[in-house]
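What follows is one structure encoded as structure tokens, with my remarks underneath.
First chain written, first letter: the chains are A, B, C, D and E, and each begins at residue 1.
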Amino acid sequence: MEWYRILGSIITLIGSIFLFLGALGVFRMPDLYNRMQAGTKATTLGTILTLLGIGICHYEWIGQILVIIMFIALTNPISSHALARAAHFKGIPLTKGSVTDKLKEKENIDVVVTDKLNENTEVEVD
Amino acid sequence: MIKRIFSAILLLGFVFVFFIIVNNIEEATALKGVGKEYAERSGNQELGAQNIVTAIIVTYRGLDTLGEVAVLFIAATGIAVLLRRKKKKIDPGKKKRESSEILLTGSTLLAPMIIIFGIYIFLNGHLTPGGGFQGGAVIASAIMLLFLADTSYKINHNVFGWLESLSGFAYVLIGILGLVMIGADNFLDNRILSLGTFGSILSAGAIPVIYTLIGLKVGTELASILDNMKGDLE
Amino acid sequence: MNITTIVHIIGFALIIIGFWGMLTQKNMIKIILGLAIVETGVQLVMVSFGFIEGRTAPILDSAVELSKVSSLIVDPVPQALVLTAIVIGVAVNALMLTFVIRLYQQKRSLSINDYKELKW
Amino acid sequence: MTNLPEILFQVSTYFVSAGIILATLRLIKGPSMADRVVALDTFTVISISLIVLIACMSSRIIFLDVGMVYAILSFIGVVAVARHLEGGL
Amino acid sequence: MELQQGIFILMGLAMIIAAVLAMHVKDLISSIIAVGVVSLFASILYLLMQAPDVAMTEAAIGAGLSTLVFLYALHKTKDVEEEND
């Protein structure tokens, strides 16, 4: 009985529990943005832990498993970011208890700032 | 109403036929026929390819694959003919929404990686799962990511057209080389190059070359299908 | 119940659902989606014809002994057929969608009931 | 004690399957299409784990290539639907 | 029941549910997403049936290309409608 096999399988178990909790969050959370949070952050961590556990267990596979982990770490944030942005522009409402909406504030501020900048540049040119 | 009754009768007929098939299926326990023949020949390292599916697609059934590529080419040509561009100006009020900074940066980082990964897939077609069709689809996906991220991205039609025609031409040329060098009934034979050691990357004769050509052809064709479907008015 | 039977039932159920959708839906894009489901079902059934329980994938790396290959691997021929069929399938779907786009540009409608010129 | 890793891998597979069931429920329920896209996103991430677990159970390294293809391509579908939703296609 | 058969039955049920959803739901984008889910589970079934080549093809095609082709067609048929109005 090698110790690394037990270690790897325990890490895999922890990762799969994170995956299950992420899916539970996708099912239970009240609005789209909370669901997205559970469905991307928890599942990313869960997948990385699962793959690492299997990589420790079969140590000769570790190269390809690290490549898969790198791909997931690069691609998963992009897709969730694009989805959240699209949902916000589509006007899908936040849940009732939400406190703040920074993107909306940012858009309003952005308009003001660019106006000011334009004025400044015009003044400088003149 | 009568249409609904006819469709219900048709579906019930399908259910009946499928029920008979499921009841009478006998589970396969051994290879037989062509499958056994191909497996034994590959076990004797006749072609030097580890992946038997690749050996069947590229060499044993190479003529069928040529036909499949021709079907793909005809479909792409049909789409290009049906959706030919009209010269029209987009009114400036109805512009597409630009994508975000993160998606733009991420796509410029990821697209070359995806293309290199596609090349890896079709160069390793004889060793691991994958090959020209999968690699071509991966390359087309990279171009699709660029379409999605950058609204003003355009592919170079000259380069794509030349790449597609040249790879198709070279594919047929390699097939004819088999006729010339090996024998009269050996169209698309991979033994025109040396077989090499079983299991290394430079082995299996001409299979990596043929699969690279198929990969380039499928990738450019799928990308041009996407470009035509996107069809921005100039 | 063995695995081949299970996959047969799944594939046939997908085929029947796809046909049901194609016969009852009015929207032409949805009819093509039904055809895509039928394609998936047919491909599943075709691959399951070559599956033999307890055997491994037809790739001869170090896990497969070369001297008795034909008693260790599943049937590779259906896999080779299905592989090309999938790639052809997406091109054919794109061609059908192109027809739908052209029809829409003629009549400004996606409903199949509006195209009655060739009905007897 | 000797097959403790195998038992733990089986338990992991059960957890992953339960995750798939929950995400399927969200796919059925999802009031808007954006919720269904979230379910699709969750499916893709979970199925990468499932693919690698299947590779581990059949102990063949070649199955990892499929996981690599899925890991690098699965986000493109979600990005496509997102770009369609925000009107940038 | 063995674990492998359990995974087969679970995947099959999820595929059938997604297919019925794709045909039943009114919203076309949801329908396209459901077809994507069907092809995702089909890819896992191919892998379980020891066909990694087919699984890889289904993953590469079904993940993005097929979805985007349908979305482009949807976009174009809506676009002309807006011009007409």
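We adopt the following convention: a contact is a pair of C-beta atoms (placed from the backbone, for glycine too) under 8 Å apart; a residue touches a chain by one contact, two chains touch by 3 or more.
Keep in mind that what you see is a predicted model, and the values were worked out from it rather than measured.
**Student:** Which other chains touch chain B while also touching chain E?
**Tutor:** C, D
**Student:** Which chains make contact with chain C and with chain E at once?
**Tutor:** Under the touch definition, chain C and chain E have B, D as mutual neighbours.
**Student:** Quick check for you: compute each chain's CA centroid and the global CA centroid, then name the chain with the smallest gap between them.
**Tutor:** Per-chain C-alpha centroids compared to the overall one single out E.
**Student:** B-D or C-D: which has the larger count of contacting C-beta pairs?
**Tutor:** If we tally the C-beta pairs in contact for B-D and C-D, the bigger total goes to B-D.
**Student:** From the mean C-alpha coordinate of chain A to that of chain E, what's the distance rounded to whole Å?
**Tutor:** Averaging C-alpha atoms per chain gives centres 23 Å apart.
**Student:** Using mean C-alpha positions as chain centres, tell me how far chain B is from chain C in Å, no decimals.
**Tutor:** Whole-Å distance between the two chain centres: 16.
**Student:** From the mean C-alpha coordinate of chain A to that of chain B, what's the distance rounded to whole Å?
**Tutor:** The mean C-alpha positions of chain A and chain B differ by 32 Å.
**Student:** Can you tell me which residues of chain C touch two or more of the remaining chains?
**Tutor:** 9, 20, 24, 50-51, 56-59, 61, 79-80, 83, 86-87, 90, 94, 97-98, 101
**Student:** Could you list which residues of chain D touch at least two other chains?
**Tutor:** 13, 20, 37, 39, 58-59, 61-63, 65-66, 68-69, 72-74, 76, 79-81, 83, 85-87, 89
**Student:** Where in chain B do residues touch at least two different other chains?
**Tutor:** 51, 53, 97, 99, 103, 110, 121, 128-130, 133-134, 137-138, 141, 144, 148, 222, 225, 229
**Student:** By the touch definition up top, name every chain pair that qualifies.
**Tutor:** In this structure, the chains touch in these pairs: A-B, A-D, B-C, B-D, B-E, C-D, C-E, D-E.
**Student:** Within their complex, state which residues of chain B touch chain C.
**Tutor:** Where chain B meets chain C, its residues are 4, 7, 10-11, 14-15, 18, 21-22, 25, 27-31, 34-36, 38-40, 42-43, 45, 50-53, 56-57, 61, 64-65, 68, 71-72, 75-76, 78-79, 82-83, 127-129, 133, 136-137, 199, 218, 221-222, 225, 228-229.
**Student:** Looking at the complex, which residues from chain D come into contact with chain C?
**Tutor:** 58-63
**Student:** Within the complex, which stretch of chain E touches chain D?
**Tutor:** My answer: residues 3, 6-7, 10, 14, 17-18, 21, 27, 29-30, 32-34, 36-37, 40-41, 43-44, 47-48, 50, 52, 55-56, 59-60, 63-64, 67-68, 71-72, 74-75.
**Student:** Write out the stretch or stretches of chain D touching chain B in their complex.
**Tutor:** 62-63, 65-66, 68-69, 72-73, 76, 79-80, 83, 86-89
**Student:** For the complex, give me every residue of chain B touching chain D.
**Tutor:** Chain B residues touching chain D: 96-99, 103, 110, 113-114, 117, 121, 128-130, 134, 138, 141, 144-145, 148-149, 151.
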